[in-house]
Amino acid sequence: MNKETLKKTVEAILFSSDTPLTVKELASFLDVEKSLVKEAMDLLAEDYKDRGVNLVAIAGGYQFLTSPNVYRFVADFHKRESKHSFSRASLETLAIIAYRQPITAQEIAALRGVQSVSQILRNLLEKNLIKIAGKKDVVGKPSLYKTTRFFLETFGLNSLDDLPDLKELGVEE
Amino acid sequence: MNKETLKKTVEAILFSSDTPLTVKELASFLDVEKSLVKEAMDLLAEDYKDRGVNLVAIAGGYQFLTSPNVYRFVADFHKRESKHSFSRASLETLAIIAYRQPITAQEIAALRGVQSVSQILRNLLEKNLIKIAGKKDVVGKPSLYKTTRFFLETFGLNSLDDLPDLKELGVEE
Amino acid sequence: MEDFANFEIEIQNFTGPLDLLLQLIRKHKLEISEISISEITDKYSRVLKKMQEMNLDIAGDYFVMASTLMLMKAKSLIPREKEAFEEMKEELIFKLEEYEKITAQAKILAEKLNARQKMFERGFKEDFVSKERPLVVAENGAFILANLYAGVLRRLKALEPDIIKKSKYTMKQVVSAIYDFFRRRKKARFYEIVKGKDKSYVVYSFSSVLELIKENILKGVQTSHFAEIILLKGKKYSYKERDRIISRYE
């Protein structure tokens, strides 16, 4: 392997790895001298010195990290992205509310086969995906939950009628 | 934000993302003109042209990916071949949807000469490669299927126009 | 069987009856537009038979095509059905040509996929699709919701006793209907038995007839090698045998 290919290979492996890698690891994997890998890393560190991404020595190894100068933007961008990610349990709860609304916490818990969904409901209320829409007229007057308009926006729906037909999924309601 | 900082910010955000991001997404997040973001991306694509990592146009956006030239080493290092594998039947079904969308399940089945494709469609929906995009205005209102943005990402296409016409390949359409 | 040796590898990999037909056409270097129906029917039936001998689980789709091909062959022999035959043949050719395009397009997709998979994204991990990874709601969010809800319903259903959905026809009905046919006559054409019926009836009849032939209850004859199947009462034709066959499916 010539020096040019070695440098590109090291660059690609470091990029695609989510943990720092040591010179030793790479040298042994690529079956080349450690000094050659070290040289390639140094050249890369130099190349990336003034970029938005730097090659940083960390935990005895090397890792590509975004530059501290632009840290704020990167962090904010990914935080915003994570707004659209949900745990399976909360998405399942949301699905039940979407298809069964209005519905009480107890009914949701029964459908999911769990004791309580109050933590998840609080979370969904905070995210403005569901709302309380009155009380059910039974003993204890439990709250009834419904999805919000923001829910429709988040899931790209015009109305609740746009929710996929369950028959297509091979399930009878 | 000056052009230099913008370029570094775009670079850092793209670098830290594992999915393609569009000019529009970044421009709206950073609150700058789309043309400026586009310019920064073009400069970056040029910078990375001959490196071990390239900036590739995918699914209408851009994504940093390791160079295909060093593929073997990267794959071996992570002991991993490809993420997705498809049966011929699913590839055919995807090809039908990709080239003829929007299309109904019944139309797909007729083209493939089989009674039902619901199992394969369910599977492709689960993998987020296709989506239901409305109903056809005929008796029974069957769902219409389309490919998703994730389909473009998975197949490394920038847009559906990247799928070559059969005429170009010397097959009569 | 001349050329099944190297065909066997692919035998389990057909994606459907059109795929099987197209592979047969390619194998024999024929032009789609110039296929002879009786020849292709014969070749098709032989592969189907081979698949049955290998005890492969064959989808009904293959039998539907077999019956369609046989029906076409039958029509081609009847002068007044000539026009209907030509129409069916044209339709089949059109379907095959469309299907050929699809295989070419699927190949393009496979090539694109292959090229994309030579590139890796950031943070490429072994457990990339770990179950704990949060679900990202993108354009397919509504489907993910629907699917989760369907999962909830399926989970609930799993606790209920299983109710097996009855199909439109039963073997009992079909076998009885075939027997009715032979009440006042000694012979019938397969085409007559399924005339005017829907596809699933044709499938049921076809497999029942095969079963009855195997049991010597009926006899299948062909006047020439590629001609339509004519059915005759067999050595073991009796109502007792009918009930025995039917009882297997109860």
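For clarity, chains are labelled A, B and C in written order, and residue numbers in each chain start from 1.
To be clear about the criterion, a contact is a pair of C-beta atoms (placed from the backbone, for glycine too) under 8 Å apart; a residue touches a chain by one contact, two chains touch by 3 or more.
None of the values given here were measured: they were computed from a predicted structure.
A comparison of C-alpha centroids places B closest to the centre of the full protein. Most remote chain with respect to chain A, judged by CA-atom centres, is C.
With centres set at the average Cα position, the gap from chain B to chain C is 34 Å. Separating the CA-averaged centres of chain A and chain C is a span of 43 Å.
We define each chain's centre as the mean of its Cα atoms; on that basis chain A and chain B are separated by 19 Å. Shown for chain A are the residues in touch with two or more other chains, namely 12, 15-17, 164, 169-170. Residue positions 120-125, 138-139, 142-144, 147 of chain C are each in touch with at least two other chains.
Chain C contributes residues 13, 15-19, 59-61, 64-65, 95, 98-106, 108-110, 112-113, 115-126, 128-129, 138-140, 142-144, 147, 199 to its touches with chain B in the complex.
The part of chain C that touches chain A in the complex is made up of residues 120-125, 131, 134-139, 141-157.
Residues 5, 7-13, 15-17, 29-30, 51-53, 64, 66-67, 69-70, 73-74, 76-78, 80, 164-165, 168-170 of chain A are the ones that touch chain B when the two sit in their complex.
Interface residues of chain B, counted against chain C in their complex, comprise 15-19, 54, 56, 63-68, 71, 74-75, 78-84, 86-89, 91-92, 94-96, 98-99, 111-115, 125-126, 128, 131-132, 148-150, 154-157, 162-164, 166, 169, 171, 173.
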